[in-house]
Amino acid sequence: MNARTKVMYLNPVGTSAYDEVFADMARKFKCPDTEVHIASLNPNSVAPEMNNLEYRAYESLIVADTVKAARQAALSGFDAMAIGCFYDPALLDAREISGDTAIVGPCQASITAALNVANNFSIIIGRTKWEDQMKQTVHEYGYGQKLASFEAVGLRVEEFHRNPAETRKQLELAAERAVEESKAESIILGCTLEVGFYAELQKFLHGRFSANVPVIDCSIAALKAAEGAAWQKRIGWTNSRVWGMEPPPESELERFGVFRGDYEFGNLIKVPTDG
Amino acid sequence: MNARTKVMYLNPVGTSAYDEVFADMARKFKCPDTEVHIASLNPNSVAPEMNNLEYRAYESLIVADTVKAARQAALSGFDAMAIGCFYDPALLDAREISGDTAIVGPCQASITAALNVANNFSIIIGRTKWEDQMKQTVHEYGYGQKLASFEAVGLRVEEFHRNPAETRKQLELAAERAVEESKAESIILGCTLEVGFYAELQKFLHGRFSANVPVIDCSIAALKAAEGAAWQKRIGWTNSRVWGMEPPPESELERFGVFRGDYEFGNLIKVPTDG
Amino acid sequence: MNARTKVMYLNPVGTSAYDEVFADMARKFKCPDTEVHIASLNPNSVAPEMNNLEYRAYESLIVADTVKAARQAALSGFDAMAIGCFYDPALLDAREISGDTAIVGPCQASITAALNVANNFSIIIGRTKWEDQMKQTVHEYGYGQKLASFEAVGLRVEEFHRNPAETRKQLELAAERAVEESKAESIILGCTLEVGFYAELQKFLHGRFSANVPVIDCSIAALKAAEGAAWQKRIGWTNSRVWGMEPPPESELERFGVFRGDYEFGNLIKVPTDG
Amino acid sequence: MNARTKVMYLNPVGTSAYDEVFADMARKFKCPDTEVHIASLNPNSVAPEMNNLEYRAYESLIVADTVKAARQAALSGFDAMAIGCFYDPALLDAREISGDTAIVGPCQASITAALNVANNFSIIIGRTKWEDQMKQTVHEYGYGQKLASFEAVGLRVEEFHRNPAETRKQLELAAERAVEESKAESIILGCTLEVGFYAELQKFLHGRFSANVPVIDCSIAALKAAEGAAWQKRIGWTNSRVWGMEPPPESELERFGVFRGDYEFGNLIKVPTDG
Amino acid sequence: MNARTKVMYLNPVGTSAYDEVFADMARKFKCPDTEVHIASLNPNSVAPEMNNLEYRAYESLIVADTVKAARQAALSGFDAMAIGCFYDPALLDAREISGDTAIVGPCQASITAALNVANNFSIIIGRTKWEDQMKQTVHEYGYGQKLASFEAVGLRVEEFHRNPAETRKQLELAAERAVEESKAESIILGCTLEVGFYAELQKFLHGRFSANVPVIDCSIAALKAAEGAAWQKRIGWTNSRVWGMEPPPESELERFGVFRGDYEFGNLIKVPTDG
Amino acid sequence: MNARTKVMYLNPVGTSAYDEVFADMARKFKCPDTEVHIASLNPNSVAPEMNNLEYRAYESLIVADTVKAARQAALSGFDAMAIGCFYDPALLDAREISGDTAIVGPCQASITAALNVANNFSIIIGRTKWEDQMKQTVHEYGYGQKLASFEAVGLRVEEFHRNPAETRKQLELAAERAVEESKAESIILGCTLEVGFYAELQKFLHGRFSANVPVIDCSIAALKAAEGAAWQKRIGWTNSRVWGMEPPPESELERFGVFRGDYEFGNLIKVPTDG
């Protein structure tokens, strides 16, 4: 089977500040035959200064554009799109109108990855603020029984990369606590901006517990899930379109004047296939 | 205790087509000391032709404005706001940023009302399309064990009032099926536009089963829940602001340039207090 | 809609020792148009010295009279009756035979109130003894996932008002623990005799956490739920009478010689409508 | 280990009409070394005409006496007591105050028995009226996932033995439906007065499905569970008395004047040990 | 009813090292009319040096023989067989092919016993390693809500009896922790080789908490459950053979050449009926 | 990232009758850089005539060899191994001792795939016999809420390919029923030998419902999951080795004389990388 794949990694904010970070991640972890587009939302419609989605109120501002982006990804022939935020915002909404393009999210992708190699997981988050909403999502997905704990490190999104040594220290403490006290068998980094820390943290835990404890980076997990979903598409397993997956009729979209025209992304970095 | 209450019933769409219907409902069912504002969203920012939220993609287009409306309701001194759609769209998002203004939704309000007078409930919906999302919500609220069934009548939102006799007939068949086959003890009308049918349907069921079967109209339930929440406010039980209920810092809203300025509603009908 | 409401607040014990406390509560928190009757059970049939229901064995002694009281409330034209004990004893039994009179309980009412303004709740109880039974009830209602914790303060029912300063101190410690360690977003006072402490405790928590944490008094919550249920009655949403809500046939009651004649309450304080 | 056992089978009503039926059952199914007392409640305190507990309101009238009976059983040195009604009324209340005497109920006993020989079960009940309450109990016990269905035969308690041939026919139809449509692997007869039908019904099902389908009689199951619990007592596994199992202090019982003196049963048939 | 019972207590390993321990237990706790065979697996097919089943990989090596043993027990006319390992290994597999012989396991038996005398339980295990798998089993059985905690004492199976005084100390600490911190109302010893400690531990807890806390020995519980299941057989309640309980056709077993011939046990101690 | 992958697809029976079928499947659906080994178990240790695992008793006979095969796969440097039976037999046991080799199963893989493109799923099985065990597994994985229904077609494993036209017809009827009556949004073929039917069935459903309904072939899903897991390994996310994932000590394996020496597979078809 042909392995040529085209996926979009959407950073669902109006700022392109982190796009390069995710492009690096993609370059390093994508399959050779995958072309990845790192995209962020249109700064004219989503506040370009808003650099985090830690609050539900912030998320509410990016839902419409994220869904429009999904439709655009479908029109542009992407096999799959990952919505790069651990809240998996607008995941099901986007999936409804994305045609044959698969939509995946870091939270679902990370848990699936973790449960391939462990019986349960803890999620390391920035602030306790995030916990209630994420717990709800974990339960909705059906993984409530596999959730060992949430561990907050007391950092906001933008702080993860401000002082990497300090962040590393906090992640180590949180992961140690999860394994020691909550009997976690794997760790999920519950923010796409915890990117860059997983390998060292896993190494630290190996030393600490004399045994492997996989540490899932949710951005990488989302990228790989998008590639996997692209494979599903090739097999023929595209989005269901019955019952809850039924999309709105095109004629009605026209009548309402919604989802018309191309969606313009704010920034776009194209990571080509290898060689 | 003073009973003076000011609540907003938000019709979360850009069209004001149904506002008068809800104003009539409010006039008939509100408490004497309650002032109700029926409001719809700004047609300049939400597609004014879009007259239903049956699809997740449509909902995605009203989330941002609904949250802005909630914040505006708080700034304008409303005690409570009901979001007039049975999906309870953006309920938790709105609640995060609504200050001391309580936010309620028809789905949660209807179930609470039903369980005061019955052990379980069936929800009559327009199309099976709606079922998966609503079922998810019912389970999230914790009421999965009390859900007897969903019953679809094969009507879209705008069709409920097109041929009332036919709608009545379909609601009767669906409710009868729910009670007879799924052992429902109460019926919830799962769309705010099923307004106007509950009393006759309850009467029909009484005749059919020789016993009372309460039929909850979700718009009325939402209005009464808003009044109840306004009472809570008077007692001092306003929105929690710790952990998952923590709102974004005002300084950050300013820095990001979001949620600034007044939100302008599309239409506004003021139903005054009695006498 | 007319707001004239007549509700009974039943203190389901044979002693009238606390009736005045609840009458004060009613005077302060009822709606202006509500008439509240504070009633306790017949001391000739329920041990008049028994001043608490902390044990299941004690509860068993008040079940029959509570159900009879509910039927009497219906015959006497009450819109709703609250059973004033956080175990919600005999709630469903009473509801079966209460005609069109709604029956509510402090536990269910408090949780509904808490979830209007928070995502979860902790319940402060007197002794750990109570926890297992109450937890069972919370789960039965469907709120297991929203329960942050129980916190016991080591006091028996009659001790809550013996040394108010000490009680206040213990409630503060328990509430602080709930918020801090169990991430509770709201607090429910899980005994009707914790009445009188909520406002100060909420103020304390505001100072402690620099943010609002609603503290639900379960007696007030029950009273307001009764008023809300009375509204439901006016709308037409009275007790279902099919399937599990079917009452025994009157002819059989006669044949068995049960539930005949008027039930005589032990004490009765009438709090009239305002003005 | 000595096998001498003394158990009480309580028919928790004020009428002794069915006591002989249960005595026959006990004679046939008890262990040789077991002495069984069939007892009913005091007709002076529980309406002696009331011959069923199909309604919650009826049950409310026997709760106090059932708990008193449990305490009396303990004082009289019974190893265990079965409360002979499939609702398992007052089970936990009785257990709280029954000292070292184990208390069991037909519902819990039947399910335990069924799951020893099958993966799931259906419960055949008289009327749909019973279903909601029993379902709640089954879920409380933790067996919600093992419940295949409830099947109602349209008979009241007193009708089961009125026309045995017709009852047999209805039980066959219900059991067949349970196995065929709900994939039940075992059948539980969900009323102690369905006594006398299990063996024939099991034979019928064997013929119908060419395979064994165990049919659990809940009275026999309760008796055997009582004998089993008596064994537990001999091993030393008596009622826990910490946390939720803590009984009220004897001094308080005295102060309140409750649970004093001997409880007088209404009727008592003594089935002696064999030989 | 005749009480003559023949049960097998299978120690599902290839070593007979512990058989005498279980024979002693049986002698002490069996019913007078019960004949118990303590058996271990065939050392020629199961590694005779492998003296524990702490790892899933070890269990995988005894599954086939355990199922063969169950079939053999049926052919040899045993009423019931207990599989003597707290993981309840191969329980459902064995039950499928054991004809009319009931199959029980220590985990299920212990929980059933515990819930007869308490509302919840904690399980004391050797190492945290065991917890995940056992927790899964507890949830599968439906008892997730009744599980207070697992408490590990840091001992491997073979270490429980190496230094009894130290083991006793560790069990006391663990049980105390369970009752004190997790509010356990009963204790289950979650390894058949914790045999011999329950009585003293229960006594210790009684002293420590001034109240009874039943301590369930899982080997004894399994034996008594086997006796109880034998009673069920006499009543006629043998294994269901429809749907999930359907056994493979004998003709197919023949065609495949599986489950042919007698299974030879490794060791067999016969504990006769009394007198 | 390099894409070179080596995975084993284990047909966990002693017969190689179907190996070629799975080799064809692998040739068609594997990634270009993947080398797949189709292997079956050693016919000398697993009954070579036994061509299905429809009964738990049959499964019990292949558990030990499947776990040994997993360990061998690890020793032979496979990145991942799929256990080719929809019961996911011995999945967790194999995973414990497979070193860094990931172990996946068709059931888990299929559900993950289905939920990427739909909100729920129905599983088409051969006989109702299979349902109880598979339902248990689905719930264990956390997907109970997403399970629309099981649909049995009345065929044994070996019959699926006997009369393809008839099988096709039965699958169509079952899938239609699932979508129509149980509101399934996707279909999972719940037996690896339903291989070869998915594409046509999906086409049929598209015609029947005028909309896409993905039909997941569980063998292909397992293969792709193995490839995905191999990617995880490359990223560093190998099996956790703490708590429940802790493997037995090598020294103990040696002492017990278990898992020593190479495991010899029964048959082995090597499907090389492309080009």
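Just so it is clear, A, B, C, D, E and F label the chains in written order, and each chain counts residues from 1 on its own.
Everything below uses one rule, namely that contacts are C-beta pairs under 8 Å (C-beta built on N, C-alpha and C of every residue); 3 or more make two chains touch, one makes a residue touch a chain.
Since we're looking at a predicted model, the values are computed, not measured.
Engineer: Touching both subunit B and subunit C: give me those chains, sorted by label.
Structural biologist: The shared contacts of subunit B and subunit C, listed by label, come to A, D.
Engineer: Would you identify the chain whose Cα-based centre sits farthest away from the centre of subunit C?
Structural biologist: Measuring from the centre of subunit C, the most distant chain centre belongs to F.
Engineer: So if I superpose subunit C on subunit F by CA, what angle comes out, to the nearest 5°?
Structural biologist: Copies differ by a rotation of 180 degrees.
Engineer: Matching over half of the contact pairs by residue number, can you pick out the copy of the A-F interface from A-E, C-E or B-C?
Structural biologist: Selected from A-E, C-E or B-C as the counterpart of A-F: B-C.
Engineer: I'd like to verify one number: the distance from the centre of subunit A to the centre of subunit C, where each centre is the average of its C-alpha atoms, in whole angstrom.
Structural biologist: Using C-alpha averages as centres, the distance is 45 Å.
Engineer: Could you tell me the distance, in whole angstrom, between the mean C-alpha positions of subunit B and subunit E?
Structural biologist: 54
Engineer: Please list all residues of subunit B that touch 2 or more other chains.
Structural biologist: 92, 119-120, 128, 131-132, 139, 144-145, 183, 185, 243-244, 246
Engineer: For each chain, which other chains does it touch, given as pairs?
Structural biologist: A-B, A-C, A-E, A-F, B-C, B-D, B-F, C-D, C-E, D-E, D-F, E-F
Engineer: Which stretch or stretches of subunit E touch subunit D in the complex?
Structural biologist: Against subunit D, subunit E makes touches at 1-3, 28-33, 92, 95, 102, 104, 112-114, 116-120, 141-146, 179, 183, 185-186, 198-199, 202, 209, 211-216, 220, 224-225, 227-229, 231-232, 235-246.
Engineer: Where on subunit B does subunit A make contact in their complex?
Structural biologist: Interface residues on subunit B, with respect to subunit A: 47, 49-51, 54-61, 63-64, 66-67, 71, 90, 92-94, 96-97, 128-129, 131-133, 136, 139-140, 243-244, 246-248, 255-259.
Engineer: Inside the complex, what are the residues of subunit F that reach subunit D?
Structural biologist: 128, 131-132, 139, 144
Engineer: For a test of understanding, state which residues of subunit B touch subunit D in their complex under the given definition.
Structural biologist: Subunit B residues touching subunit D: 119-120, 145, 183, 185.
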